[in-house]
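Shared between the two complexes below is subunit A, which has subunit B as its partner in the first and subunit C in the second.
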Partner chain A sequence: MLPADLEQALAPKLGARLVGVEPFEGMAGRVRFRREAALDLFRTVREDLGFTHLSMVGGIDWVDHREVFYVVWSDEANQYLVLSTDLPADDAHVESASGVWPSANWHERETWEMVDVTFDHHPDLRHLLVPDGYVFHPLLRSFKLHEPEELEVKSRHV
Partner chain B sequence: MSEMWINMGPQHPMTHGLWNLRVRIDGETVLDVDPEMGYLHRGIEKISEDRHYNEVITLMDRTCYVAGLAWEHLYIIAAEKALRIQPPERADYLRMMCEEFQRIGSHLMWYAAFVQDIGLMSPFLYGMRDRDLVLDLFQSYTGARMTYEYMRVGGVRNDLPPGFTDQARKVLDWLIPRFKEYDQLCLGSDIFHKRCDHLGVLSASDCIRHGVTGPMLRSAGVKRDLRKNRPYSLYKDVDFDVAVADGADVTARYLVRMEEMRQSVRILRQVVDWLDAHPGPVMAETVPRWMGAPYAPVGREGYLLKRQYPKGVGFSSIEEPHGEAQAYVVNEGGEHPYRVKFRSPVFANLSAARTYLVGYHVADIPPIMGSVDVCVGECDR
Partner chain C sequence: MGHLTATAAPPSPPRVTSPPRVDGELPMAGQPSVPFVEIEALRVREFIPAAKEALTALIAEQGQAKLIRPVFNWAGRNSLFPLHWGLACCAIEFAAGFGARWDAERFGVVPRSSPRQCDLMIVNGTVTWKVAHKLITLYEQMPEPKWVIAMGNCATGGGPFRTAYSVVPGVDKLVPVDVYIAGCPPRPEAMLDGILRLEQLIRERKE
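This part shows the complex of A and B:
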């Protein structure tokens, strides 16, 4: 499966909500999509393209926006695929993938608490690795390892 | 009897590390479970953003303290892809040797802890005794028994000491009959079968739905091993079989891990022979000296020099002893990675706890969780 094949399979279903498919070393490609397409894309990728196994969900804080990426795997094609979407930093939310791949559950909980991205319709969005009531999001770039005092003043939660 | 929630952990013989399994029970029957993680969260992904590429290796040993070299291998592949560095062939063989010895070491640690959970004491001593031989080998060429810091971006730190390969062969020759001994101790014991057969059943489709990988997936009959499916390093050059079983229960997971150790010995024999016959460099020449040198002769200042690498993202996935581990390293051109994300197989295997624990009895929880092989360090990161 090549990036061009992926684009051909996904473009008719997603239309303008598909931003593009790029080559990615060691994978079938990297699908960039707008968040409105999330559920349609997840279903198409799982049911039509055969990527039955979701390996991980992660978030990246690019300061001006946030990125959420999903790594999925297909046994038939013996290939990985990465799906990624850019979200505005002040309104970072995307549809949860846990209805399509139940394995997304914990990965999304972790991404939510670490990178401050909300997953809509997640069945159980609770803290996982940090204690309940913890107000910081440690994997944001604004969380500095060496200046904890400064952080407390800057945090939007305080 | 009325229902209630009980805590198994964070201090409980079953947990093997710090985590808490909340269990809702009716009498002795498990109705629901809710694993509480995070007791061992050290923010390894965050600390990595503040460190030089080679300094992250130190953290990898501590991510999973029973499979440190496997995690080093995982990170190194991703970092080399992100920085576009190609290691020499001998370094790749040395890394494979590390990973396979580490698999044996990790599985022996699992074996020792697991059989003790189900009430057999002497296999624990045998398992720990034989694991020590593997640790002795690690000590002879990395200098450490647990936190090795052996691999480097672009190769490995040092070559093998003289006489190492003979010693390694002796250990492999010793191990093969020991596996038979383990089987006699466990599979020949009524206690083992009464506590393990038909417990914790997780079918192949449930495994895939919940992202379960590694020995748990192979015990359900799915022949998926990244060393075979998507060979990394030079696994395509060595000959071995993928261990599978079809019970999908605790006994099947035991059988898969035992067979994996035998296959690791088979791989190691080929790797050790290759290393004997092919001397050569263990560090890529394109790597700047300040980056690959074992003792950083340029000092701290050298690390702070502004060096530019082409931007890129490195992704790697390896068959770690617990399952499929992945690393996603984002390089933005600086001397620190911009973002590092790790996928821990134990994290995914534990997230499916509800599917393989509900319906069994409270006394079944220790053998079932033992068969999952929980390493909290890599789950919480």
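This part shows the complex of A and C:
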């Protein structure tokens, strides 16, 4: 499956909400989309294109904006595919993929607590790796390493 | 606490001496003075009343608590049951310490899977804030008296992850620690050394 095939399959369904399909090293391609298209894109990719397995969800803090990416796998095509969307840093939220790929649940919880991206309609959006009540988002660029005592006082997590 | 001496001499009144000694162990520095009763008797039927008389005199002289404590400490330090749980890579060394090569069971150290059967918690690995309250729950479930060994640099002071966002900088922020073992990870010999030092602490324990 080539980027051109992907664009041909996705463009009629998403229209202007599809930003573009780029080639990506070792994978079928990288689909960049606007966040309004999230659910439509997930359903199309899973049901029409056959990418039935969600391998991972991650987030990147690019300082001026944030990016969320999904890596999906197709047994038929024997290929990975990256779906990514850019979000404004002050209003970072996107539709949850856990209705389409249930395995997105924990990945989105981790992305939420690490880079502070909210996933709308997530069934159970709470902390995964850090305790409840933790106030920091450690993978943001603005997060500085704290002295342990400072961290302890600020978070009050135990 | 007594022994039989087969002599032909007539039974003499029991003599109570107090060299610092417990049965079968060498005297050590800093050890509390443990009374030692020497009884000379020819037959068992002579020994039993003599021993009873000597012990009654000893208890009247020194008080019951002072006599029970060394026995209690002796029993406790020779049957330390650590909690069998692993947090990180130190748990590999912990497990190796109970294998055939180092065989910690020869010191009476037997890992148990339930905290209610344990009197020793060996914190072997990085403690995160997420697992901290589970560690405290396990510690609180252990019956008194109980001890804690912080094994490795992470449990001692956070180790290389001291400034990380999720790591407790030393398990002594959560529970009282008796013995710290340095190393990343410490070898099983170091763990055994820590356990033997804890035994020394228990030997010197007054209360």
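Please note the rule applied: the second predicted complex is superposed on the first by the 145 of 158 C-alpha atoms of A that agree within 3 Å, B and C clash if a C-alpha of one lies under 4 Å from a C-alpha of the other, contacts with A are read in each partner's own complex, and residues count from 1 in each chain.
Following the convention adopted for this analysis, a contact is a pair of C-beta atoms (placed from the backbone, for glycine too) under 8 Å apart; a residue touches a chain by one contact, two chains touch by 3 or more.
Model, not experiment: these values are computed from the prediction.
> Just subunit B (first), just subunit C (second), both, or neither: which does A:88 touch?
The answer is neither, since A:88 touches no partner chain.
> Tell me which partner A:130 touches in the superposition: subunit B (first), subunit C (second), both or neither.
Both partners, subunit B and subunit C.
> For A:143 in the superposed arrangement: first (subunit B), second (subunit C), both or neither?
It touches subunit B and subunit C both.
> In the three-chain superposition, say which chain, subunit B or subunit C, touches more residues of subunit A.
Greater contact footprint in residues on subunit A: B.
> Can you pull the subunit A residues that subunit B and subunit C both touch?
Common to the two interfaces on subunit A: residues 129-131, 138, 143, 145-146.
> Provide the residue numbers of subunit C that touch subunit A in the complex, in ascending order.
For this pair, the touching residues of subunit C are 129-130, 132-133, 136, 158, 162-169, 173-174.
> Please output the residues of subunit A touching subunit C within their complex, sorted ascending.
129-131, 134, 136, 138, 143, 145-149, 151-152, 155, 157-158
> Quick check: in the complex, which residue numbers of subunit B touch subunit A?
For this pair, the touching residues of subunit B are 37-38, 41, 43, 45-47, 50, 81, 208-211, 224, 229-230, 313-317, 324, 326, 328, 330, 338-339, 341, 343, 347-348, 350-352, 380-381.
> Within their complex, state which residues of subunit A touch subunit B.
24-27, 52-56, 58, 60-61, 69, 71, 75, 78, 80, 82, 101-103, 105-107, 114, 127-131, 138-139, 143, 145-146
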